[in-house]
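A, B, C and D are the chain letters, set down in written order, and residue numbers restart from 1 in every chain.
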Amino acid sequence: MSELPAEKVAVGVVGASGYGGVQLVRLLTHHPAVELTYLGGDSSAGQSYTDIYPHLAGQVALTMEAVDLEAIADRCQVVFLSLPNGLACKMAPTLLERGCRVLDLSADYRFENLSTYVSWYGVERDDQAMAAEAVYGLPELFRDRIRTARLIGCPGCYPTASLLGIAPLLKQGLAQPETLIIDAKSGTSGGGRAAKTNMLLAEASNSLSAYGVARHRHTPEIEQICTHLARHEVTVQFTPHLIPMVRGILATIYATLRDPGLVRDDLLTIYSAFYRSSPWVTVLPNGVYPQTKWAWGTNRCFLGLEADPRTGRIIVMSAIDNLMKGQASQAVQCLNLMMGWDEALGLPAVTFYP
Amino acid sequence: MSELPAEKVAVGVVGASGYGGVQLVRLLTHHPAVELTYLGGDSSAGQSYTDIYPHLAGQVALTMEAVDLEAIADRCQVVFLSLPNGLACKMAPTLLERGCRVLDLSADYRFENLSTYVSWYGVERDDQAMAAEAVYGLPELFRDRIRTARLIGCPGCYPTASLLGIAPLLKQGLAQPETLIIDAKSGTSGGGRAAKTNMLLAEASNSLSAYGVARHRHTPEIEQICTHLARHEVTVQFTPHLIPMVRGILATIYATLRDPGLVRDDLLTIYSAFYRSSPWVTVLPNGVYPQTKWAWGTNRCFLGLEADPRTGRIIVMSAIDNLMKGQASQAVQCLNLMMGWDEALGLPAVTFYP
Amino acid sequence: MSELPAEKVAVGVVGASGYGGVQLVRLLTHHPAVELTYLGGDSSAGQSYTDIYPHLAGQVALTMEAVDLEAIADRCQVVFLSLPNGLACKMAPTLLERGCRVLDLSADYRFENLSTYVSWYGVERDDQAMAAEAVYGLPELFRDRIRTARLIGCPGCYPTASLLGIAPLLKQGLAQPETLIIDAKSGTSGGGRAAKTNMLLAEASNSLSAYGVARHRHTPEIEQICTHLARHEVTVQFTPHLIPMVRGILATIYATLRDPGLVRDDLLTIYSAFYRSSPWVTVLPNGVYPQTKWAWGTNRCFLGLEADPRTGRIIVMSAIDNLMKGQASQAVQCLNLMMGWDEALGLPAVTFYP
Amino acid sequence: MSELPAEKVAVGVVGASGYGGVQLVRLLTHHPAVELTYLGGDSSAGQSYTDIYPHLAGQVALTMEAVDLEAIADRCQVVFLSLPNGLACKMAPTLLERGCRVLDLSADYRFENLSTYVSWYGVERDDQAMAAEAVYGLPELFRDRIRTARLIGCPGCYPTASLLGIAPLLKQGLAQPETLIIDAKSGTSGGGRAAKTNMLLAEASNSLSAYGVARHRHTPEIEQICTHLARHEVTVQFTPHLIPMVRGILATIYATLRDPGLVRDDLLTIYSAFYRSSPWVTVLPNGVYPQTKWAWGTNRCFLGLEADPRTGRIIVMSAIDNLMKGQASQAVQCLNLMMGWDEALGLPAVTFYP
């Protein structure tokens, strides 16, 4: 492990009042190499942070400030942007120019090719150069590029769970890419803290449904990385579902094996080897399938595997905490890499069960 | 509608203390053509039924009795068997011989070919003739045979949701059967009332996982009917998941269309036509996907459809109440058919939302 | 039972898009003596009702209309008002003048003395005469007055659960009124369908808290009726809590007995006698405490009792469905009385458990 | 803070497979001054600990062993006993004699006067001397005695939440003790990991009920400490409720103030002063009431206060995580005191919200 810096790195969070923001604040206040120096958000500027989140009483002394990029750049070496889509791409250039490292949790910097973003997000953009510079912040696949990046496009929650389950399959050519089906299930915190009727407990509890079928915006994000892994164009079927729970994503992934003779033990060996140097991915033993709550409040991804000799398919189950490995703690994992620190620094590894 | 009988039909429930049993008791006490004359179960014999289920105070005056087949046959014209697998096949012959109609909610009479049952359930059976006589109690597909049956093998909860979603596809030859993937999600009441650690609220709440991947016993049951519909051997991929809610099943079904030119409107038209005479199946309009709670406490199945032109697949979402259309109320629907009554008699059609 | 009318009574619902509204629509479409002729609400006027609530597909053919009092009075003999506080008192006079019966589900007509309303609700009102004419719609206590009323102020959900638990105590002088403490717990549907951050599943699930301590607006409503029952001024302690569930209220009520020699059996006898003619109140046997889900989707109230010889207190547990007996089905119970019909007509009595 | 020991202290857990056990294992594996050397439990002896709890893969390498007191004493300096009531009192004497410190999480050592235990728990005991030696492990009240103890009777979950809310009232003579009513609400994990029907998700979800009214065994435990604080015999009313959530207790406490002129600000000042040296108790600001999930996975207790000038009562809301401050992490807090370490060592202070 590299040593900690003599001085802590000054870090700011823009958009600190949402769920992504409060995870970042919780993580960064306990991170041994970081000092949180700025919390921002226009709508709550002037409010004490513990007025918004009283459970942090005695832990966070900062007040929410307005979003003034010059002031932020003066006070922060690293800035996390945790804002709705379409805002980060207006802020990051100024911050980068002033020498900040930027980690964006929105979709703005996830696409190498802006035309994909434009067509799926319905927003005009002409900053292709900056988009192309940004590195996709999935450390298990792009560790080296993240180390030297100054701008990170942090992955969506569904793509994180999906790609960690798919990567060994495509990288090793084990499966037929055109057969990939991802049936994903998420807790409702993925919808954010803004009040929406369908996210009310009265509506979402005791029930279950799919949404965004055949047109969810995480589809092209998954496809971009699958295409990269398979080294040819890949189209996937992606279906998200809303589950009556707060946190957690389970992606159940189906693919037809190229070699139907592969058995579960073979696949466990291949997956274990693939993730040998990835401390945050746990390949579960034979016959154990992941529970999403095992990942609650941690940066871990649990993978379970099954091969079905009757159908020739592999079934991969990938479980994460959507707000952690699917969002905030993965961004801090990227920060650790960018700073040359241990990849695990300051990140929670074990939940309290049940 | 045919007229109600001058005298009510005497009905008994063996295995009345479980979740299937209490649904039957609730339905049959409110059914206008039925009189509940016997409730049985060896472990709770002698207990007043409202001691077991106090919410029925003032509604059910019966006491649980021991399982004495002769006594049951004396007092009942129709008997529902709601017991663990392997018991009904020991009781039904006696009851049938004595002239009772029998509706079995276990797996014992679901398989035309006993060898399938034997290999998936691991139990020896040699009553192939009786198994072959039993009719699979899915009224939307086997209405005519049910009308004249004396022994019904009521479908499992997952097969009901799955088959109602799949039937038009296979019957009309719209999809490639070997591409069928059923990703199903169920509330925990499907596991019954017996106390199991993994079904505790402390374990199952706030979490989500798959189970029985590639080997759940509802797989051959689904395949048997798919094979019947497609008129050739069909193998399906079936994956059940445990959802932190009490009731409800959502089956998300994937299949590759034979004609990739079919669009959603075409499919809605085909499905609506297929279920025109089936009052319990609602094909939802364009872009509306079913919520499982819409079916709570009712005999309805809600179907939502999507065609994905990017992948050439159809995605069908099928939602039911696992204890009702997936079990008890579907059995009463079969009873209505067997008795020549209106198919909807005494069955709840609308839930209270939310 | 009085006979049903030759013609169905025409009924309208103003404010049909909320949770109270959708319960009313569900109840009234299945009520044998009623025809639903108008559904209104300004914000959703023009929308098909099944666009708002797709689970009613095939059950309700009406479209939401703007709120035009003259048009409503032309088409309805009875009008339910299910609106935020402060609106009904502007509409009811016109409807009454045109000969309609009016049942208001808001707080506007719950107070005999308008000054109580004004001081707790912070709204000016000068229609004391109309307020005084309105009858408090709790049938178990005011059955006779409801029969002849033309304007009903339907009780709040907490007051319904609380007062049904308290009434025998105060009416018979069994308890010291100044010792009354009501610790009430409610599912989140009591907060309505409007999107609020604290009602999101992500916020309210897995958690529990009190709110409105010592100042909730249902306090004076409970006190008004307690004062009436005790025949002298009564002040109560009322504390509501938000529970991570959709429906249901449990009120746990504490009071010091005047005669500490009373035992549980005495109290059960007194309560059973008090509610002998009230089909919707079930006094549970010795040692059985109510579960809120026993009342789910029904008009029932379950009461459990305990006397504590160590402390000289009675503890009453009162469970209802907050949207049914606590709101919509109780309003229909009042309608039944106003029309001279059987009190139970068209009302659901038994839930599906679990 | 005192320094950490040169060598880690060897610690064992008997009864490690239950919910209390797995919290201890999680806490102790991350505690900087402790080495976990023994995990025991007769029923699971021989099983790898991660077979029981797969989410600990890579974190805990121990195997469950049989309960052999001599072997345990050889390998452990400190032993936590996390067993059903009535077992610890048979094990602790041997362990103490061999020089171990013992922290018992059952009720066996909570009562100074064994006759109270005998009458409420229905078990014969004749080890009054050892019972009298044991110290009640509530650090905020008995910090000094814990520091020098060798045997700790760790408090129950309800008593912890209740007593932290009550202590300032009785210690300062602010309230009339005979008016104390504790209406407590708990998540279902308080019932442990043993499979019971009423704890199934299907039963306990979507519902709410009281249990053990007027006779729950935590009553005398609360009364014992209240009596100690008030310096005269105190009887309390205690009512527990089962809430559809996994973790958390909220105790809503009612008491009549001796001086009805006291206002909320006075009470906040008194409570804040009382807990000034108690880092784990947070007195919330004016008008903020605790959410149980704020304490999830932490050793914190959040207190909210309200004075009601209309009734002369104080209402205290006390929220903890029942498995942490209510059980396992409080036991580790006691260990920290016994060892002369910082009271906060190795204990989690902040949850991830929501």
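One rule holds for everything that comes next: a contact is a pair of C-beta atoms (placed from the backbone, for glycine too) under 8 Å apart; a residue touches a chain by one contact, two chains touch by 3 or more.
Just so we're clear, the structure is a prediction, and the values are computed from it rather than from any experiment.
Asks: Of all the other chains, whose mean CA position lies farthest from subunit A?
Replies: C
Asks: Specify, for the interface formed by the sequence copies subunit A and subunit D, whether it is same or different in terms of residue numbers shared by both sides, with half as the dividing line.
Replies: Over half shared, hence same.
Asks: Looking at chain pairs C-D and B-C, which one is connected by more C-beta pairs in contact?
Replies: C-D
Asks: With centres defined as the mean C-alpha position, give me the subunit B-subunit D separation in Å.
Replies: Measuring from centre to centre gives 46 Å for this pair.
Asks: Centroid from C-alpha atoms only, then distance subunit B to subunit C, rounded to Å. What do you get?
Replies: So the centroids are 36 Å from each other.
Asks: Quick check: how many Å separate the C-alpha centres of subunit C and subunit D?
Replies: About 40 Å separates the centre of subunit C from that of subunit D.
Asks: Going by the touch rule set out above, which residues of subunit A reach two or more other chains?
Replies: 19, 189, 202-203, 205-206, 244-247, 291, 293, 296, 354, in rising order.
Asks: Can you list the subunit C residues touching subunit B in their complex?
Replies: Listed in rising order, the residues are 19, 22-23, 26, 29-30, 53-59, 189, 205-206, 246-247, 282, 284-285, 288, 291, 293-297, 302, 323-324, 348-354.
Asks: Subunit B touches which residues of subunit D in the complex?
Replies: Residues of subunit D touching subunit B: 19, 187-189, 191, 193-197, 199-206, 244-246.
Asks: List the residues on subunit B that touch subunit A in their complex, please.
Replies: For this pair, the touching residues of subunit B are 181, 183, 185, 202-203, 205-211, 213-214, 235-237, 239, 241, 243-248, 250, 252, 254, 289-293, 296, 304, 306-308, 310-311, 313, 315, 317, 319, 354.
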